[in-house]
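Each of the two complexes below includes chain A, the first together with chain B, the second together with chain C.
Right after this comes the complex of A and B.
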């Protein structure tokens, strides 16, 4: 996907491309049958995972918003309580991923980051389910929910890692984003 | 794998222990203390099965008497016509129930041991 090089607002464009990617991946994920209602591949987490490497926290938040809105639209849960679950889970996941990525800069790969985020998301949704909806009955599904988070977190993380290493498109996007951020950021680049 | 770094292993172990902990948590106290849930006249009562109690429930056709003795809950008297609730006998296992439809009384047991694995009327 070539980026037209003459656009001025590269940042806005990159955010919207990442948001659109989330929407697209949500749709792909929607096609995949779920063996259990809480089982999610978390494909839509990919753009966030990739963006973690270079997007600023504010821009990551914007992508997060686009992601949950896109998922809500695709799944038809935008106006239901499921949306709040999804939002809380995604936010927790992003917070956890940012934290572990920044703390463990050189000693963590996207696989670990993704796994950590998936577990945070599952955990937060579980806590919400126990406190607000299903009561202690929700704990019956706790091991399944966390277990599926473990597996899908690893899978998505592995894909993200390989993709980030090899994709020329992502490298181009990253370079473009850094170019744009550099003059405004007052030379904070390393 | 060449991608993996130290923190990855740590996170993996953390995730594994979280799954293990949740498995332990969900299989623990699944059989908490057995409680008797009573619904009558739009009210809901929850009583421990282990404490002996007599309870008189008011309903549309009169009184229904629930007695809990020695870990068994039973309706001993009811003003309804058929007295199916009395005929139902005592209940003591999780998810067993007694209903008195005319008097709008519903009694069931939650938590505690289930009767699964024991002999039921058919097996007996």
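Right after this comes the complex of A and C.
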């Protein structure tokens, strides 16, 4: 599925809405007190997790790009190592979550999917930290990094699970997206 | 959540230089900044970038960057390289590890300062993806205007209501039909907490574009500032190569 040609079409609108929700949750997250300065909950990944249920892989990728580029522009970190970390971590997380979600469609909850995503993100960011910032001694940070990934993965997964069960908005967006994505003569949505 | 009222910081650079010009000027300044091998010159440039970030209306959390620099140096010191300068308990402070840690820390922090000074939300990306990003920012600002509606005690419910109200794709088109990228009318004090990821916070004035950008004098002035900045950074790199300064003379 290519990039939407009309940025106000239904499909493009839903993609941009998901991107905006990523940025909004990222802003909300900063209002939540953190136990440590480097600790991040990763609420901005929630739309990606919710989108796994119905967005096509291309559209998920577009939401990911909107999220990391949007954060880079809003935070002004587009031209710094922060952007590289954000992009690599989010991409690894999306790849892991997509894989787990597709392989275990009916047997893995969103909490489990989120857990895999968080661990993948933590691992990739740890590798980048060792390679580009702290040097090989940063391997000492691995237990802390993976431990915090475990906690945040569980929290965001629980959040997604509850929101997916209760949200009228998500149900409306999903119905609209499937309607848009379905071929004109009928057929099945992605 | 409580709406915090904080005084907006003025983007002095934005008064003279457009979002795209400052981005490209910073992009041109990055290579020489990377190439500089002198810690003194690199630190001087990092200080200059910090000044520019402050001029761009960003509030720098110095403590965050101090901790970042300290941790980078600390992890480098764990692997001794070169002459031992001092010993603190089991930790040997070696000149090679110290210099390497400082260089890497200063480089990364300088990049962040340069980036936050140069990258503005008004920066428009070309093509269809740029249009999609513009719509994303439009929806984002629409949400931020109403973020006070988020209730801590009923987080899920209030978020769902807010999304139904502001971002319902089945709603009449009048609400969804906004500009590609909000310009002059955006609620700009809504950024509290947005720019803390890299130890930066600000209340950016998103009234995009330099003042008088339609006038030739404003555009020429902007180009002059951008060119002067780029020449300065490249010039410092060339000076840093001068043999007496590199120790090879």
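Please note the rule applied: the second predicted complex is superposed on the first by the 164 of 190 C-alpha atoms of A that agree within 3 Å, B and C clash if a C-alpha of one lies under 4 Å from a C-alpha of the other, contacts with A are read in each partner's own complex, and residues count from 1 in each chain.
Rule of thumb we're sticking to: contacts are C-beta pairs under 8 Å (C-beta built on N, C-alpha and C of every residue); 3 or more make two chains touch, one makes a residue touch a chain.
Remember, it's a predicted structure, so these values are computed and weren't measured experimentally.
Novice: Sharing chain A, do chain B and chain C clash or fit in the superposition?
Specialist: On the shared chain A, the partners clash.
Novice: Taking the superposition as given, does A:44 touch the first partner, chain B, the second, chain C, both, or neither?
Specialist: Once the two structures are laid over each other on A, A:44 reaches no partner at all.
Novice: Could you say whether A:12 touches chain B, chain C, both of them, or neither, answering first, second, both or neither?
Specialist: Touch status of A:12: second partner only.
Novice: In the superposed arrangement, does A:156 touch chain B (first), chain C (second), both or neither?
Specialist: Once the two structures are laid over each other on A, A:156 reaches no partner at all.
Novice: Per the overlay, which chain contacts more chain A residues, chain B or chain C?
Specialist: C
Novice: I'd like to know which partner A:78 touches here: chain B for first, chain C for second, both or neither.
Specialist: second
Novice: After the superposition on A, what does A:173 contact: first (chain B), second (chain C), both or neither?
Specialist: Only chain C; A:173 stays clear of chain B.
Novice: In the superposed model, identify the part of chain C that clashes with chain B, out of 25-33, 79-87 or 97-105.
Specialist: 79-87
Novice: From the superposed pair, tell me which chain A residues show up as contacts to chain B and also as contacts to chain C.
Specialist: In chain A, positions 140, 162 sit in both the chain B and chain C interfaces.
Novice: So in the complex, which bits of chain A are touching chain B?
Specialist: Touching chain B from chain A are residues 100, 104, 106-112, 115-116, 119, 123, 126, 139-143, 145-147, 149-150, 153-154, 158, 161-162, 165.
Novice: Once bound in the complex, which stretches of chain B touch chain A?
Specialist: So the residues of chain B touching chain A come out as 3-12, 14-16, 18-19, 22-23, 25-26, 30.
Novice: For the complex, give me every residue of chain C touching chain A.
Specialist: 1, 23, 26-27, 30, 56, 58, 64, 67, 71-72, 75-76, 78-79, 100-101, 104, 108, 111-112, 114-121, 123, 125, 128-129, 131-140, 142-144, 147, 150, 156-157, 159-160, 163-164, 167-170, 176-177, 180, 191-198, 200
Novice: Looking at the complex, which residues from chain A come into contact with chain C?
Specialist: 3-5, 7-8, 10, 12-17, 19-21, 23-24, 26-28, 30-31, 37, 62, 65-66, 69-83, 133-138, 140, 162-163, 166-170, 172-173, 176-177
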